[in-house]
Amino acid sequence: MDELQDLVAAYRILAGHGVIDAYGHVSLRSPKNPNRYYLARSLAPERVQEDDLIEYDLDSKPLDADGRESVLERFIHGEIYRARPEVMCVVHNHSPSVVPFSVTGVPMRALYHMAAFIGDGLPTFEIRDVRKGTDLLIRDAALGRALAQTLSAKPAALMRGHGAVVVGENLPRAVGRSVYLEQSARMQMQALLLAGPDGKITYFDEAEVKASVSRQDYHRAWPLWRDKALERAKADRR
Amino acid sequence: MDELQDLVAAYRILAGHGVIDAYGHVSLRSPKNPNRYYLARSLAPERVQEDDLIEYDLDSKPLDADGRESVLERFIHGEIYRARPEVMCVVHNHSPSVVPFSVTGVPMRALYHMAAFIGDGLPTFEIRDVRKGTDLLIRDAALGRALAQTLSAKPAALMRGHGAVVVGENLPRAVGRSVYLEQSARMQMQALLLAGPDGKITYFDEAEVKASVSRQDYHRAWPLWRDKALERAKADRR
Amino acid sequence: MDELQDLVAAYRILAGHGVIDAYGHVSLRSPKNPNRYYLARSLAPERVQEDDLIEYDLDSKPLDADGRESVLERFIHGEIYRARPEVMCVVHNHSPSVVPFSVTGVPMRALYHMAAFIGDGLPTFEIRDVRKGTDLLIRDAALGRALAQTLSAKPAALMRGHGAVVVGENLPRAVGRSVYLEQSARMQMQALLLAGPDGKITYFDEAEVKASVSRQDYHRAWPLWRDKALERAKADRR
Amino acid sequence: MDELQDLVAAYRILAGHGVIDAYGHVSLRSPKNPNRYYLARSLAPERVQEDDLIEYDLDSKPLDADGRESVLERFIHGEIYRARPEVMCVVHNHSPSVVPFSVTGVPMRALYHMAAFIGDGLPTFEIRDVRKGTDLLIRDAALGRALAQTLSAKPAALMRGHGAVVVGENLPRAVGRSVYLEQSARMQMQALLLAGPDGKITYFDEAEVKASVSRQDYHRAWPLWRDKALERAKADRR
């Protein structure tokens, strides 16, 4: 299936952009069955090949594990697919410039046209509001549901002290949003430092966000990213 | 035509320096006809080859598209060439350290001799002053003209929430200015942080800017950059 | 011995992550004799092979030097192994984002789940408290013992103006902690800048630290890191 | 001559560490004649080979140019060798984290043991004190002498809005100092940001500087750096 090659590419693209390191994962809702999704087994993202992909139901039970180890936090994916029927792809990462926002309460705002999807802000998931004394991992369906509730109808949510989830109606959109969310966080931190405590920053207004979001599928970047990623995947199989 | 190989190199140099990523573009006024320019089709910059270049008139109408897709924002190039007869090369980028300046109103100033062309400041194009509710892209000739007006006689202009345009009387100059504009933005942000709110920064004075600008064609860097870029282009064709 | 290959990998992993450059070292307590440890001879970490490893006793006297030069600061390792029987691996580095914390007294705190081991803070070793006018290097057993005392029961200690020591009950843990200590320092600096002087940062609470630390062995990252490092080691031997 | 291979390596090491880009240069006093020095022709540093080296007298007149173009700023080297008989190597760079210090008057101070040579501060050369309205380049012997006077007996001097000069009694020392001056500037900026306006930073005291400087020749790094650089030089000649 071509879509599974897209998913292999997505793992490697996100690793290549430093948005995920040895951790983080990306899933794809099955194009054949909306109650199924694909996610790689517990493996470093830059090593993923098509035969590392496992099919799950929305309870995040593996259907064809064959002894392959599932990632602990797969409930992130299952519960978001259940709550958001239009979402076809979910990314979970530890985006290094996004984590500082997640622990400070400083709101991310759209200020760069490649990440206009941030709009007037993204919600932050505070796991303590749901359960005390965790290791911050989404280890079960209840935590996954709480995260999906925080995400609500937004394109992404920060996870306090942990990272982010980013979603899209297609795979290039979720991958592109993840790449540019990281870049926009860096830009916003720099803009805040430049502007100083009393400074003014021009964020996107509502009409600009609306005009940008509907169109932005990162479709010039995607073929480049995909080709390079799949060339590496092919080289690794040799 | 050797000049077209220069343009292929320019795309790859700018991508290699992180000044443009999968987006951004660079054009060259035709050395044979001042009313024509060359620009690559819609393609990731690090993949550009000579047969991806399309010739345009100053209305930004393609003359030899042959089914190749034009970039949406080509009007940036056509309108600047129309307004600035001496300009032979135009770069449009999303320079990551320049965008934060574009949204804060903190003026960029010349403080590093490799980017003395910044002089006493660069204008910022605020698209809202021309049209409300856009996605910030220069989608037509009217927006291109407005941007060219903001640029006026300057070597570069910031585009709020989007990036920059950089021009030059020759291609190495426009490419070199783009590389060092990014670096100078990083240095200025660091200098502002070091100096603090009441600190003093020594910027270039008028005489220093004048002495620097006339000479600076980045001619020691250019052959290195060009050779490396064209070696990669050649390797990609195999 | 497989463990020695792990140690070779550890040197190369830490160099590859920029946590150690041409300097820094990592040791492994002998799995056969708790009064012995292995450490590479004085050599740039990214060049280390198995036959560069020297066995030491806890006085840091080489047992099989055969003319190979020992690193000056080996006492760091011997004295920590003596003081901390459960520790199997010791890393010494010049982690670039950690050094600024070491000279300011700003305490590092756990705010990122991959580095929860930082807990409620790490001690800083001030060599001046032990001896005046040094070059900051741990050149003898007395300085090593003082450093081990500062480390106490903690997973890591900063060394003022110099770097850090990081320990673990196994090698992947000490290596992983070193990688994420650097990343967490960068995130904390950014969070402090974002929050501003009066801002609030949500650090891990005691229960979250406890829940995280017991489990975190970086076991998804380790096989990827190890394989890549040993592939490079093999290529270097050709 | 082995020393000339060292100099070829020095060019490539400094470029590889991002301390010099397409610009910057490094020279070596002739081991046979203290009134002569070697410097590469005008060429990007990462391309330098032994036959690109030109011999100069202390007036910076080339002795064996054979049509090869000299770098404009060679007077930096000649005048420092004349003023400082013990200096065997001079580096001129545009060290990106050092330039912001050069324009703010914030003094660099020793806070990291690998760059203890910074001591209680480095002088900054303000070209305006010597000549108004320049392009900041050291285009003649008079400017070179003024720079050497500012440098005085120090291991390095900043050049306002331009970069730095770094010297050493041997080549590895000057190269190592250049690499760690850049890193120390980054660390000091971060320490200043962490400490805040009223914060305290622990710098090296006089005795610590003295204990460090006499010994520090970067002799563990040098063979690694040299070998890697000369492997690349050899590969480039094929």
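The first chain written gets the first letter, and so on, giving A, B, C and D; residue counts start at 1 in each chain.
We take it that a residue touches a chain if its C-beta (ideal position, glycine included) is under 8 Å from a C-beta of that chain, and two chains touch if they have at least 3 such contacts.
Given the structure is predicted, the values throughout are model-derived calculations rather than measurements.
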Practice task
Could you work out how many touching-chain steps separate chain B from chain D at minimum?
Solution key: 1
Handout entry: Path length in steps (a step moves to a chain that is touched) from chain A to chain C
Key = 1
Handout entry: Fraction-based call for chain B against chain A, same above half, different below
Key = different
Problem - Whole-Å separation of chain centres (CA-atom averages), chain A against chain D - result: 44
Practice task
For chain C and chain D, let me know how many angstrom lie between their CA-based centres, rounded off.
Solution key: 31
Completion exercise
The positions of chain A in contact with two or more other chains are 193
Exercise for the section: Name the shape of the chain contact graph, picking from line, ring, star, complete and other. Expected result: ring
Completion exercise
Pairs of chains in contact here are A-B, A-C, B-D, C-D
Practice task
Write out the stretch or stretches of chain D touching chain B in their complex.
Solution key: 21-23, 42-44, 46-47, 94, 96-97, 99-101, 103-106, 126, 128, 132-137, 160-162, 189, 192-193, 197
Completion exercise
chain D contacts chain C in the complex at 111-114, 116, 183, 186-188, 190-191, 193-196, 199-205, 207-208, 210-212, 215-216, 218, 220-221, 223-225
